[in-house]
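Structures incoming, each one as structure tokens.
Two complexes come next, and they have one chain in common, chain A, joined by chain B in the first and chain C in the second.
Showing the complex of A and B:
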């Protein structure tokens, strides 16, 4: 029944074909200008695209994780996080537990990457790990695992590469055109001085295309990514049987104003929310990579009847007060009634202490930062006065002065 | 964290679950906003955000001291007085990532605390904590 989700991909395939068409058109006009042969341009466009696709397919996930400065962790490093990932792997029916990465950043965000369900990774920022309760973390991980399960990660990688190719080709083509126009000694104009009118039309169409293609490709890319987010939200609700978990996690993430340092335009659609959000920016326009958070939360909260896709569709209709469905009927029908489970009692942090006491809050806050320090190979020494020193790996001295009590502590 | 003055890895000291970053070379101290919130929370201060905004919005002080970049967001910090008597000049991050005390300011702060009986004020707890943690800078 899970594979029926793919019927939803018809629209995606259409959009991808559109981007591919743009890519070919750019190549076509590129060839007309520079080599007097449209075929030559097409060949160049395809070669550039093929090389970029190969790199993306074999190295894409490690490049992305490297760009995000993500660190791979083992079950011992963060047992609760790993446990949640394993839980969601079982709930989704994924064949292999994805690799788990942490990004050392106080911003709140998460993403999934990989070429197929058997080679995938989920990454989460340390800030998010610190702030979320177990239920919320489960909702977020469920959303990311859904991206892997629904093969969104590969889809997004394919479109991102095509977008990148279009941007690169258009950029170079427009620069060459400008340069050629300025020096005024184009091969083209001397060899074909006859057909002036037709040539001018080709020139104008080509120029317009060079300028518009990157923008159009980007809009299509965003359209694909927006659609996928609803499906991943619905899948997360289904896996966790607790839509409120993801809803309140999204609220926490949306309420934070911190921008992720390592995100950029091309990688933005991968994250659970757009990492480049700015205050005052209209969230629901064409250029947004994700549906507005408030809307996603409203839909999840409106799922009162159960946690199945049908319930998500009902909730979507309730929020949008229309007849539209977001998940195709065939996919929704394959799943019977799924009840919503009870909330589990747990506070944020690895310990999950169900307490709001300031001291407990402080203790759990440093769990995640200590985890990051361990991953960064810091040493820890305790002073008799109660202070605890955390020493960076580059520290050369053999002892450290405890500034609180004046003792020297040997390392 | 890299020291905004020496650009070397700072040490981290944790006491009563509050962490501070301390540069052993220049003796400067970074008080992160998250840690400030924890300290204020355990001292029973409810409205931490208002306190932080108060410091961030405080008027910039004209000084010949070199400006430093925030170790968290890498933007230039602004110089402002944090105590009531305008004696302790700190660097504050524009977006409220935290407060940097130069090595000299930590010394001033300790002297202030020794000379005067603690006054009531929003920053008092913060200054007392920093003073307590770094009173033994030399053997």
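Showing the complex of A and C:
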């Protein structure tokens, strides 16, 4: 286990405590309004939170993967992708190979999920699989495995559940309050008619809190997310010993304008880049789930001395002209000098999934689209003339007409 | 009376320290062992892949007998050493095997039909990935050994390590010269 996890956790725990405090405050005022006792509201808040936590703990990953429309693959479906995942599993010292999923979407993205390192999954879009060379793919998978290894996945799930609870509670509470105020028959007003000034203050503070809590919780959620991205980038560089791989992958991903169809506000922090990013948006602000890509790339490229956390810190300081430190000193000093390896020596196209040569690009496109068809249960038949036909799963006829040579092929 | 309590307190703290230090040393040692097992798995995988690869290449490139013999010999030597030799000796042999394999793959470059063979491509991908896995597991193993050795040599855990005679771990280095140089083969 790397030591930085613990000291990073102190900061994260503080932020989580903030969100938990918000949740309790919402419950408290809820109780004051509807039950005349704070305890009742707290109990309701805790029950809602507990139910959502249980669901997230036991079903969270399948819900997330289901929402992203991800399909599980076996080593035979995409040997190279699977091999890269295994390589990164070994480099990180993870105890089990995570399940590998593919999302059929031209957008370029990837994410990791799972409640603990022994029950984790990584998912990657078919578009990204098609565009990346082997070194780049390694960087991306290294980043995702780092999220699993550093327990970011669990952390983000805990935070997301609390955020969700706050949103639900304050949404219903504020609707009830508005409704109650309009009809003038709220429980609060009937039981304590003609309350004093103190009560009015409580009412206003509570109302403001109900409105602000979801926003505040969301900002904290994003703050936690951004911290973890830097750490995952640094870990990926350490695992692969090749920061350039992740850097050029991020560049490719950042250059794409496509949004991922199946992502939403809550799941955004799980991805390698923010899937909802808009063109030209400056992302270094409070409402961003990820640090800006250009900055992440510049830090990785500035890692000239080596691939350790200390080198990442130096690079970060170089890019930001000196103040902050992203990874605590104690952790960075843990391991001595770690060199950067060479790029894969092999000729382009034969090792990576994609390369700069046009013929290889076509081949990798072909390979990935074949994979997607197979995953979608298409059958293939070969015609005697050499053409290969892909038959969709719903096809009912007994034969197809080969449009190249005019033969009828029996299925 | 108070002095007695103080002494007792110090003894209890000492015992807890010894237990803690001993357990963490054992933890590190197990991590090293586990990491070594990981390397072994990958090296075995490479031994298994090589005969297949040689056979496939042979079908297309009959005149490269020398290369085939070199690869097969390096493989057999490395495999024999795997059950007896230490990390340093194995590192040398595995380095030679890696170099021979690089030569074989470079030879394959000259045969377009071979490069179009699905079986060869699949084997090549497996071999490439196995090579990567070997170097990543070596990386993890060496990191583990470094942490373990630091623990053994640094104060105060070195006292405990001395008491229970923990031995320093051995790094696994594959000869670097062979690794970095791209194999050069001329086709004349």
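What to note about this one:
Please note the rule applied: the second predicted complex is superposed on the first by the 385 of 411 C-alpha atoms of A that agree within 3 Å, B and C clash if a C-alpha of one lies under 4 Å from a C-alpha of the other, contacts with A are read in each partner's own complex, and residues count from 1 in each chain.
The rule is short, and it goes like this: a contact is a pair of C-beta atoms (placed from the backbone, for glycine too) under 8 Å apart; a residue touches a chain by one contact, two chains touch by 3 or more.
On a predicted model such as this, the values are computed, not experimentally measured, just so you know.
Legend: residue contacts after superposition of the two complexes on their common chain; A:90 is shown touching chain C, with no touch to chain B.
Using the contact criterion defined above for the overlaid structures, shared-chain residue A:295 touches neither chain B nor chain C, since it reaches no partner. In the superposition on chain A, A:392 makes contact with chain B only, while chain C stays out of contact range. Set side by side, chain B and chain C differ in how many residues of chain A they touch, and the one touching more is B. Of the two partner chains placed by superposition, only chain C is touched by A:80; chain B is not. Once the two complexes are laid over each other on the shared chain, residue contacts for A:241 go to chain C alone; chain B is not touched.
In the superposed model, A:373 makes contact with chain B only, not with chain C. Of the two partner chains placed by superposition, A:251 touches none, neither chain B nor chain C. Touch criterion met: A:408 reaches chain B, while chain C stays clear of it. Taken together, the chain B residues at the contact with chain A in this complex read 8-19, 22, 24, 34, 38, 41-42, 72, 132-139. Against chain B, the residues of chain A that register as touching in their complex are 106, 358-359, 361-363, 365-366, 369, 373, 378, 386-395, 397, 400-406, 408. The residues of chain A lying in touch with chain C in their complex are 79-80, 83-84, 86-88, 90-93, 239, 241, 334-336, 342, 345-347, 350-351. Remark: chain C residues 31, 35, 38, 42, 105, 109, 115, 121-122, 124-126, 128-129, 132-133, 136-137, 139-140, 143-144, 146-147, 180, 182 touch chain A in the complex.
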